[in-house]
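For reference, the structure I am asking about is given below.
The letters A, B, C, D and E name the chains in turn, as written, and every chain counts its residues from 1.
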């Protein structure tokens, strides 16, 4: 399969040691294919965020390997590592704490280009303006500080910051879980549009199965650090194999009163009543 | 649990070694000739040389250091070059005075700080809070020794309400057994002795507690304010818990965590602040002892006093840690891992 | 809410790191001051705080112009005029060798406040450097450094400072050295906590994953964002430092005569505290007032910069 | 803005024309004048009824809920809140204390912070009884019973445990036990499942419904999540920027949302039961259509 | 309320005291009778003389000696006129070249323990001093050995001729060897004697609370018993002078000293109190560095002498308690040379500085900040020197630091303010200590080096004839004065404030403040 962009194999991560050791990831393997949006779902503590943190080097995996287009970041040359870091960009969960409060939006967006290098001042300026408009913000926003923006706007800025160095892979760590539903919809739509327009490959971490279903093409379900199930979205949603996945799917509420009542009545052993 | 205590003990031992070493280095920085001090101001060169030999000052520094540490481990703090007494004995004689002063000081501190801190937190932003803040900043800002002098002058000399100096009136002291005049009065003396002993401690303890009242009350205030904003307080109120209970049982109880730690550390700070207060009230405690030792360049006594103060400090923080584990389930879980 | 202050985007990454940090800190000090100023003169400032700020301003003015407006030569001995109580000629009286107390008080304001400020700034600087180095080193080294700080902290700072100042001989410089030596470990520990908190925030992590080097990360993101907490810390320390200096002077390890710093003045007047009370009362009052004003200001600064109120826009 | 369907008659709790504002002197950020947070809200709850109050952050839904028990002393409340015919606004602290916990109780969003970490579970669950003079032994027995009922295993032994030893789901059960132990007639649930994982959320919702049915307990359910409301509530009220924009029986609301905001809200929920290619609508789309001047 | 409490405490107190006294104190024959009289003849003294140790060998420290003197006896002493008087030694005779001294001891003297005083005690005390080699042992540098020929006779052998040795014995307290020996331990009883007493003096130790209080009771078996001595004395060690004053004014002390001049002035207005100025056998000097870069020039040294504000010193530094010095030796010593009181002459001083070409030069002035007099003196000196164009830098040092500084020529301060005192009123030992070139950097604080003076000192100290010795010593003084080696500044007095219960306090030239053992009640 040559369309595999990123392969994670046997990834394990243990925090602490001795009695307090906590195994966050246990032998996790999956691959990320060119152009797809892969969902990584699980409940809190399932290790989904740890995977992303290992991928970007914020945590060091205990064992296992990561391979991106032949680059193993753990044993990469300087130039390989540079390419790896440039190609994999990340969007954080909390839009309130992921932007440096002391920098203007312009500086925040410019910084990755400065760190990565290779952009002339003009290029930088043009890219900033291009992208900021693409996500629906205006030029005058550039000289403001993060505190002047709402959560949804901040998350857009964070997306711009991730996209500004033209990455191939976008790693999203619960990017909409801190947002209101209506804002969440905007960001989800934006992500979907961006992915298409820029031919991005996305790894999307979420606890919300409905969001994942809306956005993703393939799915990896994590249960306490282990892969419970993986497969295409329709496959899993229609016919989950794993008991845990089933339970998860079963618990997702649907905004349909009749269906919900029936489901709950069934669970509670009640007659369907009005 | 044992493991935690052991680990904590290990750190305490390490700290002690560190303190001893720091103190040794300082002692070597002090200019002046220790041997000459020991031999006396009119000593001849021969006598000084003899003294230098006796004190081991001709040994290489490293040997002096190892000798000092190994003596320390055996509980031998050396012999004072001024008093010619075992420093251990000297300190044994002065420590009780300081400790009972500090204990009373801490008692007074809590007695004042807790209600003031709570009241300020409860009335956050209102006049009472502002007033409390001013009082607390003031008691923290006035130099201790200055306050002590003023108290001694006005309450002691001018008004005659309190004794001026010393631990007892002439004829008022109990027989010296433990050295804690209050304890000695209780065990071996009369009620008159007890009244006299406590009476002599009140003013110094009051002066000593001023800055600590400030720190502690402000800490209680801010902890209480944080606690009062916590969800569990809202939940308690929504359960119909009366205000009094909300404040004392819920907020104060959970504000107590770091208060205890700071309170424990205050024990050490108070001992050092006692250096200032004891001087004013003529109390023969470790503060006066240390100060005189420094002025007289009584190296062994300086070393030993600082080490002992460090030891008391380390011991209290050890005890406080254990105490805190006993009363604060949050700390217990963090230290021992969720059961 | 609009804001145009906080951190000027002037420093270029290509500059030398020191230049960056200098520019960043200068810019953020300016920013913080501006923010502070706005809060201060906003309608919601408590009267106490205004008074405290006013007092601090007054003391600062006294410190700057004090030496030039003294009614008498603060050093001129006039033994025939010794121990005169306050009068029209000598508003605050004269000391035991006949020097004018008011003149000495004015002349010493700068010395006292400057040394207190120097101690706080130096201790903070040492603390920041140690904390930053610790933060940059591997975990074990970090822990070792913090343990060392703990050990230092098990000697109460007054005792340590007293011992050191005695060792270094009585002078203002040795007091500064001793106080810095005694207080840096606790500062370092605090700073370490502050830096660690900032470092774990996602905006720092987002720069980290770009491969930004740790020192650069420290200078560009971590330190500037920790400054507010550092200011709070420093402003809270000044008050205690002023008091502690005077305590050391009282114990006789202060600056030698004829230094007019307030602590030494108290020490000189120590014998006369209650008879020729004016010799040490006024410096004592000045120290108390200074400490109280700075204490209130520290309090105010803390409530201004409090992280919980930062998001409230 | 519409008037509520039923007003007064037979209502357990009746909120009429409630306005919540932050007095000028309490405002920490610059700005002048009182800041109005909830305006002219009227709402009734009948005995045993499950009413959902839905809105996004800043819509004032939580403030409304908290205002019923007057939990934020800094806020200025105007209008009327009557409980079983008695006016609660302006009632004395004694009266409020009597109502709180025993007649109306409340549970909160984050079960991790709603329990005092330094007090035992037992004390916290039994507290509403203890503070009303129920003997300790009896109160604790009732607390055990309540914990049992809410599915806390080994309830008796765990009375002496501290909140730190419980998982989030268990804590929310404990919180519910404390809220229900004094047998109130109305439970205000302020986003009680937002911080929980989806499976635990389901359990808590089930429990809520179960208790509501068994105890004839009225529930005012505050949430931002329309999906979870669907199965639980009988009636839904939607709030937007401090105002009540729509209030309807649940089926009607989902089938025929009147207000564009409600329409947008429903359209913006990603649905597991629908084709992912259906593009999510946003509130903005609707408000713009309606010519509303909305920007973030 | 507080007032009330205080009263309560006091009543309780006096009740218990009365009980304690009636149960264990022998009835005294005093007229007023009962417990009241016992109370009346208790004298409470407050002073900053906090004993570091009660080991009598450490009596060279004035603080210790103040507390020790009433408990111990010496072999000989000096009276207020500086005449030697017998104490435990009734007679003393030197051999021809003054290398051997024979003492005849007093008969029937008993130590507080009840042990009889014998020659063995003298031998033990002297040998112990030699062995330990610190404190008062420095007065015994010429001691070689001693031998008890019988119970009442001791022969002391000296290492060289030393006529002043008998005077030095006034500094040695005689120990009860039978009591001390069992407690000797490994440190020659230094530890034990630190808190215990083994003397035969007019007062015995009651209780001792280190750093705080020493209670003395009258020794009814004293060989020189006098019932005018108070039955008991309480020495309260209060370091702070204002605390001393306040305690005194509150009626808690009968005698206090070391008060600030303002306090003394205020108290003197009240006729209830007695102010006594006792001359002290000490003198305030400013030592000049004879080998200093700037002070090496005699013109500069003279200029400094002329610049100093002596009257200001008396007024400010001493608060007029004392007098301006007129000699380089303290008062009460035989063979002093009267050099006249120094006068300030700024004009002449300026000219001298100009002549020496050192205008604007900096010099260091060392002083001990713990002594109040030096604090003011330092400031005055600094100001005086500024007027003649010298820039003085004050350097506060502790005595140990000062000793260390003096021991090396390169660290030696240019000027040092200090007290020096004659431990006993003899000119020779003091002059020798201060001006002998062999002791430069040790007790010769000016690094004075003059072969002529060295020779004179040697001659004087070994002269078997007092007259010869005296003329040698006078010549030494004249030479030192001519060399402008020091500023002889003042004789600080000890000012004592007492209530009228205490009789007149005699001056004792072997004591820094006064000898507590000599106290008598007023009636």
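We take it that a contact is a pair of C-beta atoms (placed from the backbone, for glycine too) under 8 Å apart; a residue touches a chain by one contact, two chains touch by 3 or more.
Chain identities (UniProt): A = ABC transporter ATP-binding protein; B, C = ABC transporter permease; E = ABC transporter substrate-binding protein.
From a predicted model like this one, the values you see are computed outputs, not experimental measurements.
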Could you run down the chains that neighbour chain C and chain E together? B
By number of C-beta pairs in contact, which chain pair leads? B-E
Looking at CA centres, what chain is most distant from chain D? E
Rounded to a whole Å, what is the gap between the Cα centroids of chain B and chain D? 51
With chain centres defined as C-alpha means, what is the inter-centre distance between chain C and chain D in Å? 49
Express in whole angstrom the distance between the two chain centres, defined as the mean CA positions of chain B and chain E. 37
Where chain A and chain C are represented by their mean Cα positions, the distance between them in whole Å: 46
Could you list which residues of chain E touch at least two other chains? 242, 246, 370, 401
In chain B, what residues contact two or more other chains? 31, 149, 153, 157, 279, 295
Name, in rising order, each residue of chain D that touches chain B in their complex. 66, 69, 71, 93, 97-102, 105-110, 113-119, 124, 127-128, 131-132, 162, 164-165, 175, 178-179, 182
Would you pull the chain C residues touching chain A in the complex into a rising list? 1-3, 6-7, 9, 13, 28, 31, 201-212, 221, 224-225, 310-311, 313
For chain A, which residues are in contact with chain D within the complex? 43-44, 149-150, 152-153, 180-186, 188-189, 207-211, 213-215, 233, 237, 247-261, 263-264, 267-268, 270
Tell me, which parts of chain C touch chain B in their complex? 46, 48, 147-148, 150-152, 154-160, 162-164, 166-169, 239-240, 243, 246-247, 250-252, 266, 273-274, 284, 287-292, 294-296, 299
Write out the stretch or stretches of chain C touching chain E in their complex. 75-77, 79-80, 82-83, 96-98, 169-170, 252, 256-258, 267-268, 271-276
